[in-house]
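Look for chain A in each of the two complexes below; its partner is chain B in the first and chain C in the second.
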Partner chain A sequence: MRQFLSFFLVSLISFCTLSTCAESPTSSADYHEQLVLRPLPLSALLASFNFRSNITVSEFEAHNFRLFPRSLAQILQHAGTRELHLRFSSGRWDSESWGARPWDGAREGGTGVELWAWLEAETDDEADHKWLTLTNALSGLFCASLNFIDGTRTTRPVMSFQPEGDHPSLTEANTHLLFGVLPHEVVCTENLTPFLKLLPCKGKAGIASLLDGHKLFDSSWQSMAVDVRPICPAGGECVLQIELTIDMVLDIDRSKRPRDNPIPRPPPGHELPCNTSKPYHSHDTCFPADHEASQDWTLSQIFGKHMKGTCPLTDPAVPPVCLQVPNSRSVYVSDGVLEKKNLDRVSRCFEIRPDANFEMVLPSPSKDDQQATSLIVKPEAPLLYAERSFTGHGQERGGVQTILRNPSSDTEVEFIYMESLPWFMRIYLHTMSARIQGTKGDDNSVIQEVYYRPGVDRARGSQLEVRMRIPPASTVFLTYDFEKSILRYTEYPPDANRGFDVAAAVITILNKDEPKTGRFAAYNLRTTSLLCSLPTPDFSMPYNVIIFTSTAIALAFGGMFNIMVRRFVAADEGPELGLKLLKTKLKSRFAALFKKFGVGKAKGDQTKEAEPQPAVTE
Partner chain B sequence: MDGKVTVGRTAGLYVGAAVLRLAIFTLLPGIPDLLTGRVEISTPVTSFKRLQEGLFLYNHNVSPYDGGVYHQAPLFLPLFALLPNASSYPIFTYLLYIAVDLLSAGALWKIADSGEAASSALFTSPRKERRWSGFVIAAVFLFNPFTVATCIGRSTSVFTTCAILHAIAKAVSGNPFGAMVAISFAGYLSLYPFLLVPPLVLLCYDKQRSGRATKSVIPFAATSVSVVAGVVGFLFGMSYLITGSWEFLPSTYGVQLTLSDLTPNVGLWWYFFIEMFDSFRSFFLGVFWLHLSCYVGGLTIRIRQQPLAVLTLLLGIFGIFKPYPSISDTSLFLALVPLYRHVFPLMRYTFVIAAVILYASFLGPAFYYLWIYAGSGNANFFYAITLVWNLGQSLLVCDLLFAVLRDEWEVERPEMVGKEIRQI
Partner chain C sequence: MSTENPSPLPSSDAPPSGFKNPPPEKPSDIRRRGYVILSFWLIVALLGLPIWWKTTSIYRADLPLQEMLDWSDGKACRPVFPLRISIQANSLQDQEAQNLLRLTQHALDDLNDFAGHHLRLQLSPPVGDEPVRATDNGSALTIRLSPGEATTATLDPYEPILDITYPPNNIPSPTASSSALATYIASQLRSTFAEEQATISYLLSTNSMPSEHRPLGLSPESAESLAKRTTRSLKYAPTYHLTFSLFTSGPLPSSWDVEAAIEEYMKPVLDVLSPIHNFTIDTQVQLYAAPGVQNDLLYKQDLSSFINAAEWPLSPSIGGAPTINFIVFVGNQTIVTSPETESGGSQSWLIPQWGTVYLLAQPYDTTHVSVETLKQPMLTFTSHLFSLLGTPQSGSLPLRLSTLTRIRSADLLLRASSTLGSLARLALALPSISIPSSVADGVSKTMYHLRLACDTLGGADGLAHARVAEAEAERAFFEKSMVGQLFFPDEHKIAVYLPLLGPVAVPLIMGAINEFKAWRKRRRERAEKGAEKKKE
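Coming up: the complex of A and B.
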C-alpha cells in the first residue's frame, strides 16, 4: 500500500511538472534573465544582469504571485503603489572613457539610494502617508535606511519624470509622484542578499549565481535597480512587470587578483605590457601599453565563481549570456555551449545547458587579431557630459557649478536638470546663471524654463528643475550661489566634520521622437554626489555656553536693576556696609559680653552704631 | 561749539556724508557685496542678499515666504520692485540707502536741537548748558564707521533706524500721531520697536502742545495705542494684499520669536540656542524674550521724568539682547548717546568701555575668519568675542543709566556735585 502510494505521488508530481512545462506556454515567457558582458577601454568590463518577470494584473490582485516576489508585491498593494523605481548605486561612471551608459542611463541612480514611485491617492496628505508606509516597508525589505526618507528628503518632481508603464485607470489628480534620495547611504552586501531573494532562482542557478558581494561592491561603478511598472499591450490584458537590473563595471586587473593574496604588487619587469612602437623602448625603458590590449579573462576569474547552469524557469528563447566583442576575436567556452554570433558583427550570445556549469575564456588576442581590427567594441559617445562641483571656500557660503557639454557637432540637446538639495543649503536663485563657454554674461537661450520650490528650515528640501537647451558642440556653465546654515548641535551626525552628502543632480535628456516611440527620455544621467561641509559648533560644551551666556545676561540684568532700585547717598552717609559693618557689630557684641561677665570696662561701649540717614531721591 | 549753524554747513555735512558713501559704492565696487556678506552687518532678518532673493521670487510669482531664505517685511518687496534691478543698475539702490541715512540724520538733528535730552517737561538738568549742537550729533551719526558700514552693506535695518528716529523726532516736536505712525512702521519692519511704545507715549504726553493737551495719561495712552494698532492693522492688510496670504506672519515675526535660523551674529542668542537641549528650547526662548521686555517697565517707571533717556537706554539694550542684533543697532544707540553729553562727566568707565568696544570690533572679524575660513579656530572664538562685545555694550548702558540717575539726584542734593557717592 505504501509503495503504491509513493508511486502514485511520484507519478502525480512528474505529471504536474510535465504539464506545467508543456501546457502553459506563458509560464516560461513570463520570466527571462540575461547577462551582457561588454569590455570597456582601460581594462574595465561592464556586466549587465537583467531579470524580468511579468504577472497579469488579475492574478496580482488575486494574490496569485507566481514569479513575482510576494514580499514586494504585498508592499506595493498595501501602499497603493502603481509604479516603483528603486536604485542602489555607488561609484562613478567614467563617461569620458567608457562612453554612453548602459540602458541609456534608465536603470541607474545617483550615489546612495534613490526611490521614486507613483502612488494612488486622493490628496497630498494621503500620498505622504502612503509614501511613509512604502519607505518604511522597503527599508525592512532591502535592509537599507529608506525609512530616513522623510519630508526633508522627499520632493515631487514636476518635469523630470514620466511614468514608464501604462496607467489607463489613473488620472493626474489621483496619481502622485514622489521622489526620495539618500545620498549618504552606503550600498553593500546586506542590500544584495534581499535583492537576490526576489529572484525566482534566488541566486542558486543561472546568471544570478555569479553575483557575489565581494566582487559587486569592489567594482568601479555599480547600480542595482528594481523597476515595477504596469504594461498594457494593445488588446491584451495588462501585466505588471518587475525588472531587476544589476550593472557593474569591474576593474579586470583588480578582479583577477587572487583572493588569498589581494595586496597589489607591481608586476616584475618582464611581465609589464610595453608599447614597443615607441622609439625609446628598450630593455630598461617601458611605455605602458594601452590597457585594452591586456583584456584577457575567464568568467570564473572575474566573478570568483562558476556559473551554475541556467535557471529552469527562464525563457529558453532568450540566450542567458551575451558578450560584446568583435566577431573576429575568438572566445573559448565549456562543452555543450552553443555560440551564436549576431549579425551586427560585434556581439555573440551563448546557449547554455541547464545543468552544466558554464565557463568562458576571453584569451589575449593573437598577433593577427591585433593587426586586423580593434580588440573591443568602441563605446558610443553619450549625448551629454555633465560634471558638478562646489566653488568658493570657507564654511559660510559657496556656489555650485555644473559643466554641461554637448559633444554632438550638429544636434542641439534639450534636457531637464533636477537638483533636490537639503534645506541647510540655502540657495540664492537670483544668482543662477547659464553661460556658454567663450561668451560673456548670461545666455538667455540656454535656460528655457525653471521650476523652483524653496526649502523650508527643518521641513522641506529645495527642489530645482531647469529645462535647458545646449547648442551643438558647446559647453555650458550653470552656476548658482548658496549659503551654508549652521544647525542645532543635536542635528549634526556623529561625524559632523566629514560634511553632508548632497544628492546627485538628475539629468533627463528629452526624446525628440516622443510621440513616435512613446519614450519620454532619450537618455538619463546623474552627476556625482557632493560633500558639503557646514560650520560646526563646539559639541563638547553645551553646559559652558549656557553658563557663560547666562552669566553675561545676569551681569547686564543685575547691573541695570541694581542701579535702578537702589538709592544714592553720599559715601559717608547711610548705614555701614560690608567689613566695616561686621567690625562694628563684632565690637559691640564683645563689649556686651565683657560687660555681662564684668571683665573690666570695655571700650566697645563707646562705639555707636551709625544711624541710617535715608537720602531721599524722589 | 555754538548752536548757530548756517545753511552752508548743513548742506556741507549732508553732501559730505553722501559723497563718502557714494565714493565707497562706486570707487570700491567689491566693498558693498563684501559687507553684505558679513555676519556683523547682515542678519537673516535684514540681509540685502536675502532681500534680493525674496524680490526675485516675488517677481517670478513664487511666494518668498514659502521658503527658508526671506524673513523680511512684505512691503519691502513692492518698494524694491519699483527700483531698477539692483545687480544691473545698483546706483538707484545706493541712492535710496544714502537718502534713508540722511533722513535719519535729519531726524536726529531735530531731536538734538529740541534739547529734550537735558531738559524735559518734568526735569531740567543742572548741566544742560553742556551739550553738542544738532550739527555735531548728526555728524557723529553720519560718519560713525558702524553707520557707514551698515549703509554700504545695504542692510534693511536702516529703514527701521530711520523710522525709530523719526518717531522720536515727531514725539519731541509735539506730534503724537506722527510718532505713533512712525513707530508702527518700525515695529512692522522688525518687531522689537513695539517695545518702545510705552516710553514713546510718555514722551508724546509730556510734549503735547499746550493748546489741545489731554489732561490724563490713561486716555492719551489708549488713543496712542489704538493709533498704533490701526496703522499696524493697515500695514498687515496691505501685506496680505501684496502676498495673497498670511504666511508672511510666521516667516517674518515667527522667525524672530522662535529663532529658527541660527546664522551667527553679534548677539547672544544664536550660540546659546545651537547648544541648547531640545527639551528646554521653548522655555529659554520665553525667558530670553521676557528678559528683553522686562527692562521696558522698569526703566519707564524709574526714569519717568526723562522718557528720551528711557528710549536711548532701551535701544542700547535691544542692540545687545534682541534675537538678531547687528552693528546697525549699536550705531543707532551710539547715535543717541551723544545727546547726553551733559552727563558724560558722571560716567565712570568711559575708558574701559571704549577699549572693550574697539577690541571687540577689531578682533570679531578676525576670530570669525579663524573659525569659518582658516579652520584654525572653532566656534568658541567668535562666541567669546561676541560675549566681550555685549559685555562692553551692557557696561555702557549701565554706566549711562548711572549717570542719568545721578544727574537727577544731584538736582535734589546740589551739594553732592563732584563728591563720592554710593548706593544702598
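Coming up: the complex of A and C.
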C-alpha cells in the first residue's frame, strides 16, 4: 500500500513540474477530490473516492460553514467531539487475491457500522453522556441505527487507537476515546444519500456524480468513511479537516450487465473467452481464459452513468481521476482530457475540463499485449493475513480461533489485536493461548501484553486487547473459549434464531518508525464478523406456562372443592347421569313431539315408540 | 318439564327400575357444606380480589383536577395588564398637572372597553431636562408634556416616550369637567396601545376565556389579521437559532461575506432583542441546490413548494432551540404576485414559523457575494424576524419590544393553562393511564408559577414565571412514562386470565348456585310441612 501513497505523492510532484505549480502538495486549498481506479485480479476493480475539505478553527467556532457540512459541524460542537471516525462497510476484502487494502486499511471498518471518537469531557460520566448525544445525532444524520450503540456496545480501547489529528490543547485527562460498533447494521442507499449531502458539490458534479446506490451496494466490498480531525500545520492556523472516503470493489462482469436486463445469462458459445493455447481447445471445448483478460470496460459501463465535469471548488492541483494500470496499456479518453503518465510507470492521471463530461475506455488488450508481462498492476501482499472463526459445538460453550499469518519472509510484525465482544459471550481468559506454526518460534513470546476488561451482564461488553508479535513466515493460532449466557425473554431480537452478530476484531499493525513518519499504525485490518447462535427459547413459552399452571391449579382446586362440597351416595342412589340420562331425556322429548304432531298420522309408530318408556307415562 | 320427574323425592311415586333414594342428609353435613362454600367465597372476595386489585392497579398520582380545569377555563386567573404611564409635565404647576391627570384618566376610562388592559396614569416628579429612563419607575410609557404652538404628539424613536406639545391656553381649569387636551392625550394613548390591546384580546378570545373577560370590539377583519400574525410567529423560546444559508442552483457563487453583513445589518437588532431572546447564528453555503419549483416565474402557489426539503440540508439545530431559517437563493426566478403584473416587485417571502427566502438575482459568473449585495436581504430578514417573533407592527421600537414582552407573557400564561387543562382532561378520559408523581410535581410547580405570573403580569418577572410555568406544564404533559404507557388490550387480558379463572370459577359458581337452590327447596319444604301441620 505504500506504493499507493508514493504514487500519490509522485503524481502530485510530476504534476507540479509540468504545470505552473502554484501550491505545494500539502496545500492549504480548502477542498479536493480524487478518484483512483485500480484493476484487481479476478475481474475486480477497486474504485477509491476521496473528498477532503478544510475549515479553519476560527470559522468553525464562528459557525460560518462553507465547505464543511453544517449539519455535521453542529453535531460535533454539541457533543464536544475533537476527532471523529465513522465507517459503514459491507462485504469482504479478499486479501488472498486482492492483496493489501486501500489506504493501508485506515479508511475502513468491520462489517456494519463502526464509530470511534475523541470526546472532550472532564469525567467518564460526562463523556458517556456526550457519546450518547453524538450517537443519537449521527443516527439521525446518517439514517443508521447508531443510537443502538449503548453501553454494552461501547468500549474504551487502550492500545489500539491513536488520534490522527493534532490536538495541541488537549491533555490525556480530559480526552476520552470511545469506540462503538454495530455489526448487525445493513449499510444501504439510505446511508449514501446523507453521505453525498455532506459534499460541497453533492452528487451533481465531479467524481461524486459517479456514485450511485445501485452500483455501490452491488459491489463485492465497499466501505464509506467519515473522518474529522484537526490539523495544525507548523506556523499556520489550525484547520478542521473532514475526509470522506468511499472504497468499493466492483465485479466488472456484474457491473457491465445492462440495467434493464440484470439477470445473468450464460453467454453464447462464440462469446466465451477461451484459452486457445490449450491443446484440447476446439469449437466445442473451451478452457476459460484467465479472468484478467476481461479487464476491459468503460467508465459509464461500470458506474452506470457519466462523470459530469469537475467540482468547481476543487483544488486544481489535484487531478480528479487516476488509473493504475501499467503504462504499456492504452486508455482512450473523451475529448479535452489531458492524460499524464506518472513516473512510477504503473499509474496515470487525467486532467478534466470543468464543464465537459468525462469518459474513459480501457480496451481489451491486443494479442501482443497478452503475451506481455502483466495487464494489471500486481497487488502488493499485505503485512498480515487474519481470519477468525468459531470452534466448538453446542449451545452452552464455544471457542474462537483466529489464524494470523505473517507472509513476509524476513520481517516480524507487531500488532494489537482487539476484540469487543457482547456481554453474553463470557470469555474464559485462562483458556487464551497462542500456538505458533512455521518457524522455530517460541509460543510464549507471541503474546506480549494483554489488556482485558471483563463484561458486566447487560451493562458492558468484554474488551480484549492483545499485543502480539509474529516472527517472519509463520502462522499463529490465537484461541480462547467462552460461555454463552441465556438471555431474558425480552432481550431476544425478533430474528433470534438467525444468531447474534459479533463485531469484527480490529488488528492494528504498529508502525516501527513511528517517530519518523508520525503514523501510529502501519496497517489496519478487520476480520470478518461472526454469527453466534445462542440458546433460543420457544417464544410462545409464557402462554404455555400460563395455560399449564392454570390447568394444574384448576384441576387441583376442582377436585378438592368437589370432595369438600359433594355428598357421596351409593351408585344406585344418585340421580341418573351420563348417557343414560341423555337417553331418557331424548326419548321424552321425542315422545312429546310425536304426541303433538303425529297422533292421527302414525299410530303404530307412536305405540312402538311409547312402549319402552314407562318412566314417561304418568 | 312436567313429563319427567326423576328427582328422588320422598313424596313421589315409587322410582322405576330399582332406583333408591339416598338416606336423608344429616343437618350438620348440610351446614358444613354451606360453611365450606361460604369460606371459599370469602377467601376469593376478601383475599383474592384485594391482591388482584393491588397487583394490577396503576399508580395514579393525585392531581388537583378541578384547579387545573379552572386554570384552563380562565377562572383561576384574570389576566390584567396594569400599565403605568407617567406624565412628566415640568412646565405645569402641580395642581394643574394633577387636574390634567384626573381628567385624562377619566377620558381614558371612558374610552376603554377592555378590563384586562388598563392604563393607569401617574405623575412623575418634575425632574431636570435630562432624559428619563422609562424603566426607572416601572412605567411602560412616559408622556412628556411641553408647551408649544399647537397640539402635536410624537413618539420618540429610541425611548418609550411620547412627546406632546400643547398651546398654553389649553390647560384645563381646576373646575372644568372635561378638557380638549385631556381627551387628546387619552386618544393618543389609546391609539398607541391599540394594537397591543387587540392582540391580547385576540389571544384571550382564542383561549377559551370566559366571555365576561372578553373584549367586545374586535372586528372580523382585525381578528383575521391578528390570527394570521399569530400563526406566523414562532412558539416562544428563550433562545432561537438563526441559520443563514446561501443556496445556488449551480456551481457559483460559492462564498459570501455573511459574517460582515450580519455584523452590520442584523446585529444591532439582535442586541435590542437580547433582553427577551438569545440568538445563536450559523451560516452555510450550498451549491447545486435545485429548488422544488423549476419555473422562472413563481406564482403564489409555487412558493410553498420552493423549498426542496428532501435535498437541502436545512436540518434544525440540535441544541433544542427552535431554528429560524434565512435563505438567500441565487437565481433568476421572479415572483409574480398578481396575474396582471408579470414583473413582481417582491423578492422574498416569509414561511410561517419557519423563516424567509430571499431571491437574489446575480450575474451568471459571480463567484462572491459582497456585503453591499447582502444589505437588502439582511434588512428583509430583520423585518421578517420581527414578525416571526410576533412583534407588533406599529409604534416605536422600544414600545414594540415592551409590548412583545407583555404579549409573550400572556401567550405563555394561556398556553400553560391550556396544557394544564388538557392534562386534566386526559387524566379524566383515560382511567387506565398511569400518572407518575413527577407529573403531579410538575403540575404543582406549574400552578405555583402561574399564580406568580398572573400576579405580576406585564413585568419582566411575569414573563420569567410564565416561561417556567409553560416549560413545567409541557414537561408534565409529555412525561415519558405516561406517553409510553404499555397498553394491554382486553383480548390479551382474557387470554391470560381465562385459563385460570374459568376452571376455578365454574365449580365455585355452580356450588354456590346449587347450595342456594337446595336452601330454597329446604325452606319451601319446611314451609309446606308447617302448612300441613297447621291443616292437621
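Operating definition for what follows: the second predicted complex is superposed on the first by the 512 of 618 C-alpha atoms of A that agree within 3 Å, B and C clash if a C-alpha of one lies under 4 Å from a C-alpha of the other, contacts with A are read in each partner's own complex, and residues count from 1 in each chain.
Keep this in mind: a residue touches a chain if its C-beta (ideal position, glycine included) is under 8 Å from a C-beta of that chain, and two chains touch if they have at least 3 such contacts.
Predicted model only: the values in this text are computed from it and were never measured.
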Is A:75 touching anything from chain B or chain C once the two structures are fitted on A? First, second, both or neither. second
Once the shared chain is lined up, is A:546 touching chain B (first), chain C (second), both, or neither of them? both
If we overlay the two complexes on their shared chain A, which of chain B and chain C does A:562 touch? Say first, second, both or neither. both
With the two complexes superposed on chain A, say which partner A:262 touches: chain B (first), chain C (second), both, or neither. neither
Touch check for A:316: first (chain B), second (chain C), both, or neither? neither
Regarding the shared-chain residue A:574, is it in contact with chain B (first), chain C (second), both, or neither? both
Footprint overlap on chain A, comparing chain B with chain C: 546, 549, 553, 555, 557, 561-562, 564-565, 567, 569-570, 574-575, 615-616
Going by the contact rule at the top, pick out the chain A residues touching chain B in the complex. 393-397, 423, 426, 428-430, 450, 452-458, 462, 483, 485-490, 535-538, 541-542, 545-546, 548-549, 552-553, 555-557, 559-571, 574-575, 577, 615-617
List the residues on chain B that touch chain A in their complex, please. 37, 39, 49, 52-53, 55-57, 60, 62, 66-69, 87, 260-264, 268, 270-278, 291, 294-295, 298-299, 302, 317, 320-321, 371-373, 378-380, 383, 387, 390-391, 394-395, 397-398, 401-402, 405-406, 408-409, 412-413, 416, 419-424
Okay, in this complex, where on chain C does chain A touch? 1, 3-4, 6-8, 16, 18-22, 25, 29, 33, 36-37, 40, 243, 251-252, 254-255, 258-259, 280-285, 287-289, 311, 313, 315, 317-319, 495-496, 499-500, 502-504, 507-508, 511, 515
Per the touch rule, the chain A residues reaching chain C in their complex are 62-67, 69-71, 73-75, 78, 137, 140-141, 197, 200-202, 204-205, 311-313, 543, 546-547, 549-551, 553-555, 557-558, 561-562, 564-565, 567, 569-570, 572-576, 584-585, 588, 591-592, 614-616, 618
